[in-house]
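My questions all concern the structure below.
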Amino acid sequence: MVSCFGKSRFAVIAFTLQTIFLILFGVFAEYKYEIGAETRWFYPMFQNVHVMMFIGFGFLMSFLKRYGYFAIGVNFLIAALVLQWHIIFQGLVHLSKEHHWRISINLQSLIAADFTSAAVLISFGAIIGKTSPLQLVIMAILEVMVFVGNEYIAVEIFKATDIGGSMVVHVFGAYFGLAVSRVIYKPFHSGSANEAASYHSDMFSLIGTIFLWLYWPSFNAAIATTEEQQIRAIINTYLSLAACCLVTFAVSSLTDPRGRFNLVHVQNATLAGGVAVGTAANFMIQPWGAVLIGVLAAIISTLGFQYLQEAMDKKFGLHDSCGVNNLHGMPGITAAIIGIIAAAYGNVENYGSELVDVFPALDNSTGMARTAAQQAGFQAATLGVTLLLAIVGGLVTGAFLRWLPGLDAPKEASLFYDGKNFLLNDEETIDSMQNVSHSCLEENGETGQSKI
Amino acid sequence: MVSCFGKSRFAVIAFTLQTIFLILFGVFAEYKYEIGAETRWFYPMFQNVHVMMFIGFGFLMSFLKRYGYFAIGVNFLIAALVLQWHIIFQGLVHLSKEHHWRISINLQSLIAADFTSAAVLISFGAIIGKTSPLQLVIMAILEVMVFVGNEYIAVEIFKATDIGGSMVVHVFGAYFGLAVSRVIYKPFHSGSANEAASYHSDMFSLIGTIFLWLYWPSFNAAIATTEEQQIRAIINTYLSLAACCLVTFAVSSLTDPRGRFNLVHVQNATLAGGVAVGTAANFMIQPWGAVLIGVLAAIISTLGFQYLQEAMDKKFGLHDSCGVNNLHGMPGITAAIIGIIAAAYGNVENYGSELVDVFPALDNSTGMARTAAQQAGFQAATLGVTLLLAIVGGLVTGAFLRWLPGLDAPKEASLFYDGKNFLLNDEETIDSMQNVSHSCLEENGETGQSKI
Amino acid sequence: MVSCFGKSRFAVIAFTLQTIFLILFGVFAEYKYEIGAETRWFYPMFQNVHVMMFIGFGFLMSFLKRYGYFAIGVNFLIAALVLQWHIIFQGLVHLSKEHHWRISINLQSLIAADFTSAAVLISFGAIIGKTSPLQLVIMAILEVMVFVGNEYIAVEIFKATDIGGSMVVHVFGAYFGLAVSRVIYKPFHSGSANEAASYHSDMFSLIGTIFLWLYWPSFNAAIATTEEQQIRAIINTYLSLAACCLVTFAVSSLTDPRGRFNLVHVQNATLAGGVAVGTAANFMIQPWGAVLIGVLAAIISTLGFQYLQEAMDKKFGLHDSCGVNNLHGMPGITAAIIGIIAAAYGNVENYGSELVDVFPALDNSTGMARTAAQQAGFQAATLGVTLLLAIVGGLVTGAFLRWLPGLDAPKEASLFYDGKNFLLNDEETIDSMQNVSHSCLEENGETGQSKI
């Protein structure tokens, strides 16, 4: 069935992982859910987030002319892996005698796993086209573990508030991925002829953009603990994204001598408002605050795509396939800073009876009784720890991906090219690649004769 | 950054508008929402409508072979502009001492803004391919103002009922757009070689069709004031659309000598049942009534696409890019007429205790105590006023778009061509357009040398 | 308007059916719905299922390079027909004096009709490309009638439980379609050059795959009678599908000598976990049970696509256009067997107070008071009857489609080719097909000169 043993390595590892998951589910997992109106409110939002992960991220990354199968297919694969692994690993970390050493499975587990997949898919975006499925599987396994650790520090130790995950998902995912990208960098990663879009691949990408933009209010509101916060998170995200879209088009037209729009900006920077409002989405930032955040995010993100991305590649070897620094990294840091500032204004005058809903650590009755300034400090500490763990975690993970043998990283000719990992019809094979060796030797590292 | 000042005009106007929006949000807007089960019912429906505006309209209009970026991208831009502007303008019109001169922002504001964007996007459909982004921005600003005025008359003065907005959204949007199209008409708008679909552009368009068809029950039911009316609106719309789909295929096959289906009909006329049932969706029209409405809508719309659209273009210079007269105009008028007839049967025998829920103006306790015949009269008056304001508003708006200097209307070679407004790769540039001037002179009106 | 009478046959039949539907709705149908939180939970799930039918199935089947219009368009047509016909026929079968000989229309009717359309669209998948729209209309009318009969036996007589319809929808639809396919089989159905995908047609197909995968938890949970069962069905389906996705990629890479993934597997076998968990989705199968089911489904389905499908075609003349045996048939039988086994463990120890919710026939108070073993027996009987009725019903239906005159079955050159049923631009016409006769004679059976 398999003529080259090395080529079954992906299958062996995938089966092994799935078997481990099966055993751990068997040993530890049990259904444990609460019934009530919360669930009925929750499930439609969960489904919106679910669409964002698989349709949104998958299609958004399908902009490359001959890498759509990988973008959508391997996005699908990695997300399905992360959904299971996060439920298990998150559960193992929180095992307690109180819960009889069992992992509870409920709708909250499912949506938390979806959120975690967002972080991994953002990292994926930094290195798509330059990595094999096997490398991405390894990254996903390791990243989930660091993610859970970081989230534990942020949420349970620092009691930071980050309803839309701008720090723990977006900043974490972006800089984890960029750190990986830096470690695995090879000069031929820059300037590949395959790294280009076609008219229709860009159309497919817009499917991802629009669904992400539409359902982002659900992403930022899903885990709110009160309905007031949920509605506010929906409103703030909606307004921020609307302003972000308009300003992205404006800035984009300024970057072209003939005033034309750049579709890369439309596909990506229009979404930055959802990231930048994420930490403070449930705060009393007021409608004008949400709009202002969207404006800032659009400017930062569009200029990042236009000027910073290429410079980072050329000067620092930081090749960022989808520009995740521009869409998730810098807007996420913006969100964190807004969260710090806004938390400093977390007082009864602004929040009334909702104060302790939004900032539970300010509640006297919990014994924490932080001041608003202290809360702002912990928000800042969360950003710092998130950046630290993302970068260190990404560097270590990148080292595994670079130096672990047999991971089958793509060589120059097969960068950003589906023919490496997917069966293609002859007519779809890019001309310059038709003379590749079908020899099994190609897996034997870079000294092989194969160019794919 | 910008080598031609004129080319930054779009950016300057977009920034100016966004700044004005920001200031008005700052001065007037405040969160004001009610908590309860209504919200939980409401949000999923809002999300369905949201998908219709951005995926539905955007992809539906992407059927042209080289105008997909504009269809989806500028649809996105214009809708994001309208969402903000409608919330503000609608709020300003309703400022009152009772509400402390503040604009309330809640989920109802968001969905109302989405509804308004539907009207503007329908007008957009009449003139897509023949207008610049700047012209569409101007149109959107003006159209929202006329829309709010018309809705005020319909809902608050005439107390008309139009749950699916067939009059105030569809009829208004279609004839506003057609009036604009007539005023900006130039002979080369007809018969452009670029105004054609490709196999895959038509596939993208079907994404829009299907999502519109699927979520239309939510569009017609979202703003119902009781659950009975919501369920009835869902059922009636579902049945009308199912019948409309089947009959559209039947009529379409009759229009071809070889009995083949015309994809233009499939993409568009299948949706007419959602428009035609819109006004009466919450009425007791009975399942058979809904089915009959769908049948009529399919016939009217398909024949309109097949025969009327070209005739209007040739005889009256009414070039209708997406055929909005066939999908929104005539089916909307049908809906209005059905609403008039059905309102005349608005009595206790047919509606029982629901009578005053469906027709609040028939309630004695409100002091209005209209008869059913009077209500029918006000429904008719609403159709008349809507047509009047749409056409007059469209003519005036069209005059601005035609004669205001510097709006950069596309010339013949760049009609229906994305290269005018979006950066394209060389390979995507249509051959006949490769010799266009990159000179800044091209913006100086039709005497310039540029053909784009 | 119509130059060839025979070419209006589709329209005549479609109009006749729609007229009959209209009359039957008029005579029998009335609104009858219950108000309450159930509805609010129900509608978003209904919309997810609705998306699966029209976007999911439609786009999934659009993988053929020149059959996308038919896949999406005729899927749309047939589903819209089935929605109406199922509401009517199901209602007629259940007419009773108790309900005043009226058919009740409510949200439950709509979702039941959507479920039925799933069965018909699965059958459609077996014969797509080899049948005319008229043949599919005939099949839909007949299949709904057999479907309703089978469901009546399964649900009302045998009191089987099959929440996700793995038996009554998936097994039924698959083997009904395969039986039709066998009867209408002609040797040229195998090996057509048109039966191939292109890069972008496969991208469109992935839209269908991902939406089906995402919303499948709603499909399996929608008709649950208690919230506990609904949540459990969501969790089990989510876990099964996640495991199924990962294992499909693993098995797929094993089937290629170079370890590449086969997009056909990614598009289809990733979904088999949703089918295989369908019957037992609301049971206490435990999270590990759901994961194990997903693993098994992936293996069965991927191997089916890789090895069995071609063998069935070559050896038995069982040409299965979309591989419904692999996605729906075998995984559906797997689901049924799991259901039989799991039902045998239906006791108070495993289910507690939920036992009679999940297995109403085990309730003493209903007078049935079955044992778990008896329930398992009735589950097995349901599988048997479903297979029997599907195959017999399909054979009879296939005989109508093959021998009824004037149904315009495609000849060799127009297999899997949109130009037969849709107007195409000249440039889209496949070269080898440009010399087809436009004569009306072509409809006169296989002796005509036309090749299309």
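So that you can tell them apart, the chains are marked A, B and C in the order they are listed, and the count of residues begins at 1 in each.
In this text, contacts are C-beta pairs under 8 Å (C-beta built on N, C-alpha and C of every residue); 3 or more make two chains touch, one makes a residue touch a chain.
Please read these numbers as outputs of a predicted model, since none were measured by experiment.
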item	value
Angular offset of subunit B relative to subunit C [C-alpha, multiple of 5 degrees]	120
Same vs different contact residues, subunit A with subunit B, by half of numbers used	different
Gap in Å, rounded to a whole number, between the CA centres of subunit B and subunit A	35
Contacts with two or more other chains, residues of subunit B listed in rising order	37, 40, 44, 200, 207
Residue ranges of subunit C in contact with subunit B within the complex	1-4, 6-11, 14-15, 17-18, 21-23, 25-26, 29-31, 33, 35, 37, 39-40, 43-44, 47, 50-51, 54-55, 58-59, 62, 66, 68-69, 72-73, 76-77, 80-81, 83-84, 105-107, 110, 133, 200, 204, 207, 420-425, 427-428, 438
Interfacial residue positions of subunit C with respect to subunit A in the complex	37, 40-41, 44-45, 48, 196-200, 202-203, 206-207, 210-211, 213-215, 218, 227-228, 231-232, 234-235, 238-239, 241-243, 245-247, 249-251, 253-263, 266, 270, 284, 286-288, 291-292, 295
